[in-house]
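For reference, chains read A, B, C and D in written order, and residue numbers begin at 1 within each chain.
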Amino acid sequence: MTSSATNQIPVLVSGALGKMGSEVVKTIQQSTKFQLEAAIDTSPSHEDLDVGDVLGIGNLGVTVTSDLEGSLCAVSQKYRDSSVPNAPVLIDFTQPSVVYENTRSAIAYGIHPVIGTTGLTQDQIIDLSDFARKASIGGAIIPNFSVGIVLLQQAAAAASSFYENIELIESHHNQKKDAPSGTCLKTAELIEETGKKFNTSNVKEEELIEGCRGGLRQSGINIHSIRLPGIVARQEVIFGGVGETYVLSHNTVDRAAYMPGVKLVASKVRELTTLVYGLERLL
Amino acid sequence: MTSSATNQIPVLVSGALGKMGSEVVKTIQQSTKFQLEAAIDTSPSHEDLDVGDVLGIGNLGVTVTSDLEGSLCAVSQKYRDSSVPNAPVLIDFTQPSVVYENTRSAIAYGIHPVIGTTGLTQDQIIDLSDFARKASIGGAIIPNFSVGIVLLQQAAAAASSFYENIELIESHHNQKKDAPSGTCLKTAELIEETGKKFNTSNVKEEELIEGCRGGLRQSGINIHSIRLPGIVARQEVIFGGVGETYVLSHNTVDRAAYMPGVKLVASKVRELTTLVYGLERLL
Amino acid sequence: MTSSATNQIPVLVSGALGKMGSEVVKTIQQSTKFQLEAAIDTSPSHEDLDVGDVLGIGNLGVTVTSDLEGSLCAVSQKYRDSSVPNAPVLIDFTQPSVVYENTRSAIAYGIHPVIGTTGLTQDQIIDLSDFARKASIGGAIIPNFSVGIVLLQQAAAAASSFYENIELIESHHNQKKDAPSGTCLKTAELIEETGKKFNTSNVKEEELIEGCRGGLRQSGINIHSIRLPGIVARQEVIFGGVGETYVLSHNTVDRAAYMPGVKLVASKVRELTTLVYGLERLL
Amino acid sequence: MTSSATNQIPVLVSGALGKMGSEVVKTIQQSTKFQLEAAIDTSPSHEDLDVGDVLGIGNLGVTVTSDLEGSLCAVSQKYRDSSVPNAPVLIDFTQPSVVYENTRSAIAYGIHPVIGTTGLTQDQIIDLSDFARKASIGGAIIPNFSVGIVLLQQAAAAASSFYENIELIESHHNQKKDAPSGTCLKTAELIEETGKKFNTSNVKEEELIEGCRGGLRQSGINIHSIRLPGIVARQEVIFGGVGETYVLSHNTVDRAAYMPGVKLVASKVRELTTLVYGLERLL
């Protein structure tokens, strides 16, 4: 890894051998806007690859290390004394068990954390926010990097004050355990911020097969979860009015769909001085 | 009503003031293939129209009578002694309480019954079949006149031996009481004739909101029912395989969608000498 | 027609025998928020109904008159001297040949015009705007009363800065003459306000059948028009990104879909003192 | 590679380093029904892999050779003298320039060819058919291995005699050069075997943007081609009738979708004694 051009954003990727992490490594290498400084993975077991392996695209390969602390320290030092200031970013797709420590370490070294790992508790988020504000190091915790999903959720929230009837359908591959998906629940919550009751009708419905009318939220919104091979991730919000329906749908077929969001956050996080939560805060 | 051209099919419509019946009256009048002989309605209450009213299109208007027996008798007599044989047809969209008697009467008068009214019991159907066979008068009991739905059901049955994973979504207006729809249940039954178990997966699913995974059939098929204004009737069969989905969907937006099926049956029923059940038997 | 409750909005409907006009008459009668004051139709030919006929629902029937001027005068006078001010509204679904005069007359009588009739020229709109401002009588010219379409267009415009690839599909019944629809062109124009070029690709495409890639806008957006019976009006905006698609679709199956928009405008127009153009200005 | 269990089907894969070929190698290795005997690739340039590389899953890796003739000879000999007859299969995903020779060689060695490579001329197919019949070696030329697409095409052909109005939409990624896709043209041809004229309407249509009504077939069928990133391959057949639409759609999101078809053909081809064309012949 040679020194980056001064206008490139220096990036460290932790969880580099994971499904999302290895996609991020590839994305950062392919982009002229970013410079990959380190690829870290402390996870003991990965199917195909191991620490020390060379990861990457053709002759751009980068050696994966298990030393996060050392990497943060080295990259921090490299850019701290630069005449042209250039704040590095850590993109983390690791495990719930290590994400808190990783985030704290990044902030401590003056490196902006971009956290895609799930599992931070509410208390941990508050604690990290405090730490980031005191250190004046902006960071971002992003449960979902899909720009399309945020656009769908904003459009759904905007439409919900004009409709009295809404149902949601979310579809995923049949290896997914929980239903509905967290992203779909988030969409429902955003719609429910209107405070309205939906799907109120004077008809007394009867389910001939239990569950066929879907899962019912307190707000009256019905959620239906489809699980089939051949689907990656799909979400559909259906608004019904007299004589018309308005449908918002988002369909992901490849993990690459999240990369524009990752790049956008890795770029904007450096302008922040606090820790923000959610991609929608940075669009 | 003047005498029909000899190549036109004579038709009586019972339930002529109802939603489906009045659509049938209009359809028969507009078709050169058919001759409307009588419009009968014995139902005591109809919102807008009453027996004795003139029903129909412009100057084709026909007076509605409440005398089914008399109409059957008159039309029967008119064509019985004709040098050119021309068997009349009764199209019945009435009520469960009178449909059995109506059908028997038609057969007794040598008139081919086409029954769109629901509610005949299994015993009544057997009894009417016996009667029709003895009288050598073909007839048809048709729970759903949509040709498109039959095509969808046949395509779904054909595909079901090639897929292991299937889910059904049926959507109707929010004034519909029962879920899932009878038509959707029929589709599931046709798919299940393969005898296969569907949607078997080694993943232990968890419903965070009860019912979100839909209604579960013994065969493993999940059915989801959507109820929203702005939808008339819609059915969707989703087959999922590795890396692909195959979707059949049918969308009805107007009652006129059933008229091609009505005309098709009213035409073909005269070639029968027994009572058949289901539109699929006549395609 | 008896005197209205003071909190009801007085409404005149011109073009009352037309498809949209008669739907509006029915809607106004069914709503407790409005009071139908007059139903006017000067059109010489209507299939089923004629001036002097009683139009409406059951015993709410209203006699249709051909005297717009007289109706405006009478209703204006009735409310002008009221101790409780209550400004009347004229809802106009007539013909391009009379809409300018109708709008001018309404303003002259102090009645708020809500114009659904198409065909006003740019000059006529400027002229009417001047007149409305001088008279301090708010009005609205609304090419499309569908709230859902406006929501779709706003969501599409919002998403267009995040996507480089967009195609539009609009589907209508096969009796529609022009393609693409005006509403779809409006959607394209709103997306194009970003000033971006879309669908730029290094692939040299080849059309094996001329036209299969759709109609190409200067902006690079492709528009595809479907014309089939069984469809009323449908619009679909498809955004494509790496690994994902985001789709907005609106489906109208009945003219009743426009009534919430009509009621919304008829209510809000009374708070205006100028002439506004487009439903989006009033949401 | 050790000797196979007698009930496993011996398979050679040519084009093993290509996109489809390497997917086939993986599929054959994962299936207990098949035994991978050889992986051949004569193509001079492949991005990531080269002949001599070990290809495959974990310790199931197989060495790729460039000697097709030698591999056919060795595998042929291995099974010819077996007490339990077990006919090997060659699965070929190579190049137009070599596919004819590959197929001839396989037949000459008594090995059943399964040809996924496109580009065989009509004359070459006739020649290979003759050769296969004389040698009594069954084979299959399969332009599209998607079972789902064949099901869609059969359902479309079945429905086409009941509808007068049909439009097709096919959508692919924006790196595809030709439009419409060959698969979509095949669907149109199958529908056109009814000999009917479609989409006849008395309305004189006007295209405000040239091409927006799609590509027009002689039969009257309109075809619309969408090209967007985020879509792999999608086909939609829309039948429109009065008041209803019937839609068949197939959506491929991963090359793995073709593997069930490959396995099905590799299994059934051994029961044939002639060369068949098209997956539909083997379902």
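One rule holds for everything that comes next: a contact is a pair of C-beta atoms (placed from the backbone, for glycine too) under 8 Å apart; a residue touches a chain by one contact, two chains touch by 3 or more.
Treat the numbers as computed from the prediction; the structure is a model and nothing was measured.
Repeating the A-B interface, with the same residue numbers in over half of the contact pairs, is the pair C-D out of A-D, C-D or A-C. The chain pair with more C-beta contacts between its two chains, of B-D and B-C, is B-D.
Rounded to whole angstrom, the centroid-to-centroid distance between subunit B and subunit D, based on C-alpha atoms, equals 41 Å.
Look at where the CA atoms of subunit C average out and do the same for subunit D: the two points lie 50 Å apart.
Taking the mean of the C-alpha atoms as each chain's centre, subunit B and subunit C sit 37 Å apart. For subunit C, residues touching at least two other chains, in rising order: 230-231, 241-245, 251, 253-254, 257. Taken as a contact graph, with one node per protein chain and an edge wherever two chains touch, the assembly is complete, since every chain touches every other chain.
Of all residues in subunit A, only 146-148, 151-152, 154-155, 158-159, 162, 239, 241-260, 283 touch subunit C in the complex they form. Those residues of subunit A that touch subunit B in the shared complex are 165, 167, 169, 174-180, 185, 199, 201, 203-217, 222-231, 238, 240-245.
Those residues of subunit B that touch subunit C in the shared complex are 230-232, 251, 253-254, 257.
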